[in-house]
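Heads up, the next two complexes both have chain A, just with different partners, chain B and then chain C.
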Partner chain A sequence: MTETILKVEGATRRFGGLVAVNAVSFEIGKGMACGLIGPNGAGKSTMFDLITGVRPVSAGDIWFKGQRMTNAPAHARSPMGMARTFQIVRLFRGLSVLENVMLGLHPRFADGIIRALLGGKARAAQETATRARAMEMLDFVGLADRADARIEEMTLGQLRLVDIARALALGPDLLMLDEPAAGLNDAETDNLGVMLERLRKQGLSMLLVEHDVDFIMNACDRIVVMDRGTKIADDVPARVRTDPKVISAYIGQRAAHAAH
Partner chain B sequence: MTANSPPRPTLAPVIFILVLGALLPFLLQSGFHMRLAMLIWIYAILSMGFNLLYGYTGQISLGQPAFYAIGAYGFAMLQVKLGWGPVPSFIGTLVVCAVVAVLIGLPLLRLRTHYLAMATLAFMLIQHGIANRWIGFTGGQSGIAIVPLQWGGETIGRTGLYFVVLGMAAAVLLLHDFLVRSHVGRAMQAIRDDETAAAALGVHVVKYKLRILVLSAVIAGVAGVCFTLTSLRVDPSLSEFHVLVSMLTIVVVGGLGTRFGPILGSVVVVLLPQVLTGFGELETIVYGAFILVFLLFLPHGLSSLIERRDFLAAFKARKPAGTGKEAAE
Partner chain C sequence: MMMKLSYLLLAGLTNGSVYGLIGLSLSIIYGSSRVINFAQGEFVMLGAMTAVMFLATLALPWPVALVLVAVVAIVAALGLDHGVYRPLVRRKAEPLTIMIGTLAAAIIIYGIALLVWGPEQKFVPPILSLAPIRFGFLMTNAQQLAIIAMFFGFLVATWFLLYRTRFGLSIRATGVNPRVALLMGIRSERIVQFSFMYSAFVSGMAGLMIGPLLGGQIGMGLLLTVKGFMAAILGGLGSPFAAAAGGLAIGLMEAFMAGYGTSLYAEPAIFVLILLVLIVRPYGLLGDYEAERR
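Now for the complex of A and B:
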């Protein structure tokens, strides 16, 4: 049994009377690529928000690298080694591509304005190192020549890669990707797949939330399936693909769509 | 091999502005012109604080004129009522501004956009009410007068005073420029553009907002102290709406969230009415028309003309960039 990176224990989230996530538990081992799938409204995005701390859990616990993270605020999770990207790309429009990636390294700087002012040479050296590291990350995703570009000058496929570069900058222990293939064309999706395969080979632990079932079956070692807030399957891709509960959840939804 | 990173902005334009500022007293002859020059610096200081808060961090606080007035009143009252010297009064005033900013920032920074604007505007009205009506404490309409700044037993002349104001403006300009070019500036802009994403990257959003609110209040306080130093009198007109309107006009005309917008805007807002006095009764209308033209043709302010190294190239490149944006939507 490999070391556990992330452990979700009975995570529950209620919105008034609606239970969006109902006592879901799963684990991600070190170096594992885990997929989280499910039909629309299954609670995937809410689950993602609970793990990243965007929303608090109503009940249950989140453990990361053996530490209880349940009540840690969102901004405290990135310095601990948890990095994420966003489904709707959330890059900072007022900053250049390079500056966006540099923000991924923000926790390396001493906190506070006065400390920044008194930082002197150490701060200047950190700034230089941050620039170099951010350029390295852009180079990794193949966008080093676009470092000075503005966000609105980039295509969606490029923006996703910038988002990934930003998330990777701190050297996280767990990379969480929220629907990274959403809205991408085939060529861009293939390019993304190659990128994720490279990261997986480097031994990075990943959690992917995805709509595109084919994409996730290829990219992951293990798949957690959610339907209407509960976990209905948690297995290797080959067995999840043939699981009757999973098939009926997806087909049930298709039937519901057809009825409209 | 990693590609070279794009060049970083340099300190050269800051030094250019300060050298120009230091040469002004030798170019201007009349006392009136010197007063205008000092007023430009005072408004520039006030607007740099607001630019950090609104232009870079996206927090629209309309309470800045109140901190400007607290700075001016504090400096006068600590000298007149407690008999403190100018330097302790200056430091004491800034401490007062910082403490008041923390007290109003803790509850108010939970609010966003126009709610924050309304709440901070209410704070300004309260401050104005106190300055106006609590006559025993603030002197009411007649305000408080102070003695001129002295050095070695002699009153400092107009040129000396100009350099005191310039020194303050230089300190604020260097601080403003350092912050916006550092990781602090990146964090501020991240909060402005997307708080959730900023927090996900480890930026402590609440702490940063409060820090910047306190800093901008202290900077407004510095502007207020400069005002008292030059006018030798404080009265409730300090925090009337015209100050707020001037400050907003400066940042918009100069360029919100730009390095030199507040200074360019201050030059325009202080000098334009002087240039337009020839229009007589039509002055206000022509002034308003000028501002409209600015907003229509330069929505990103004067700085957008200057800070773009390749303005024409950027303009031409707009078409292909537009198609990229469509794909992103």
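Now for the complex of A and C:
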């Protein structure tokens, strides 16, 4: 196996008596696009929060690029090369599209207050570099012409792309996408698929949490399936698709829905 | 006739500049922390009173005194941040609770000032000359002009900081959503700390400059906080520039109402006016983006 980017070891998260994630382990190799799927309530989102550091693990460990990240706060994870997007797009209203992408660069250019104010030429040069890098990212997602638009003026599909541009700006080692296709129409989903394919070809490691099973089967090299907090499958898409445990988990849910 | 108009105009602009700078300070802190800092006027008081200490008592040259005044204001701001804001916010206090905390800080600062300087009004030595300068019918002096220039200077500096630096971008982002800002590696506590320091600096300088005209008295802080808050509400708390403009408006109204009416009714009349403005525009004369952010 190639170099491991992310290693999740027995990650567990309890909410009171409820075990949302129960001793889940998996690994993501360098350059691999890994999908995380499961029926509603499977613990995907909680798992995602544990990796990004939004919530602490109750037990288990998270390793990133060989370093133990288990107790690192969320803001310490992004400078290390972990970037994420949000299911409910969380961009900054009132700021422009370009400014939002520039914010993605914050950890790299994190500078002291004094330097920000008195840096002189060096500061001006960094300022220009930040702007240029953000513009490059917008160009990559095909939104360069909307750089000065305000966030409020964009469609949901465009916002997801802005969010991806923001996450990519830092040149992350791992890009984590939380339900990137949720709420998108078919054309927007296709566009997103093309974008992810391009990133995959560039060798970017990715973790996708997704509801849309067809979308994720096409976009990923490997799929981890969760059901009621535990991992029930971890394999290539073709085999996961025919895995009886996975089928029954999904059909079980459909049956439950039908019974309602 | 013209003399009176000129006098009132200049007095209004000068006081308005100070109200505006306090409004700007309040707005910057509100933007990053959602807290109204009731101790803001105390920074102005500290500016004026430490100016007395450094310029008159210790007779230091003014550039040295200016730096020391700034240092005192910033140290007081750090005290407010570490003594009130952080302990409360880390215990998950609501902004309203923290506001009461800043009120407590204002009382403490006032108490310490009482011990140091006593209750009587002090003469604050002006850095610039108070000798009259005449431009046509306008009568002014160098100190007044310097205050008005400082007002616009701080407006430009604040604009540059917020809109032309990455640090300013992170200040604005924190104002929109501190939680998401944190996920992007922006530590909102540091941003809040900076806003306390910056606004204490602005207010301290305002105190240093307005002291010679208002006179230095340890009780001046609360009134100035109220004026600055009125400025921010009138202009729009969501934008430092709107808040600053509100300050100028209040300064001018106050001067003209006192000059052409009676000073007895100046305050209530301004309050009525602000009330009317707020009925028509609940987010202030110039502020509306604050509304859509919610």
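In this text, the second predicted complex is superposed on the first by the 256 of 260 C-alpha atoms of A that agree within 3 Å, B and C clash if a C-alpha of one lies under 4 Å from a C-alpha of the other, contacts with A are read in each partner's own complex, and residues count from 1 in each chain.
Basically, a residue touches a chain if its C-beta (ideal position, glycine included) is under 8 Å from a C-beta of that chain, and two chains touch if they have at least 3 such contacts.
In this text the structure is predicted, and so the values were computed from the model without any measurement.
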Message: After the alignment on chain A, I want to confirm one thing: do chain B and chain C clash, or do they fit together?
response: clash
Message: Looking at A:G10 after the superposition, I want to know if it touches chain B, chain C, both of them or none. Which is it: first, second, both, neither?
response: neither
Message: Is A:V54 touching anything from chain B or chain C once the two structures are fitted on A? First, second, both or neither.
response: both
Task: Return first, second, both or neither, reflecting whether A:F92 touches chain B, chain C, both chains, or no partner chain.
output: both
Task: Report for A:E127: first if it touches chain B alone, second if chain C alone, otherwise both or neither.
output: both
- request: Mind working out whether A:D145 is in touch with chain B, chain C, both or neither, as first, second, both or neither?
  value: first
- prompt: Once the shared chain is lined up, is A:E153 touching chain B (first), chain C (second), both, or neither of them?
  reply: first
Task: Mind telling me which of the two, chain B or chain C, contacts the most residues of chain A?
output: B
Task: List the residues of chain A that touch chain B in one complex and chain C in the other.
output: 52, 54, 74-76, 78-79, 84, 86, 90, 92-95, 99, 102-104, 106-107, 109, 111, 113, 116-117, 123, 126-127, 130, 152, 166
Field: Residue numbers on chain A that touch chain B, as the complex places them
entry: 52, 54, 73-79, 84, 86, 89-96, 98-99, 102-104, 106-107, 109, 111-113, 116-117, 123, 126-127, 130-132, 134-136, 138-139, 144-145, 147-148, 150, 152-156, 159, 166, 170
Message: If we count contacts the way the header does, which residues on chain A are in touch with chain C in the complex?
response: 52, 54, 74-76, 78-79, 84, 86, 90, 92-95, 99, 102-107, 109-111, 113, 116-117, 123, 126-127, 130, 152, 166
Field: List of chain B residues in touch with chain A within their complex
entry: 2-6, 8, 175, 178-179, 182-184, 186-187, 189-190, 192-194, 196-205, 207, 211-212, 215, 257, 317, 321, 324-325, 327-328
Field: Interfacial residue positions of chain C with respect to chain A in the complex
entry: 161, 164-170, 172-173, 176-177, 180-187, 190, 194, 289, 292-293
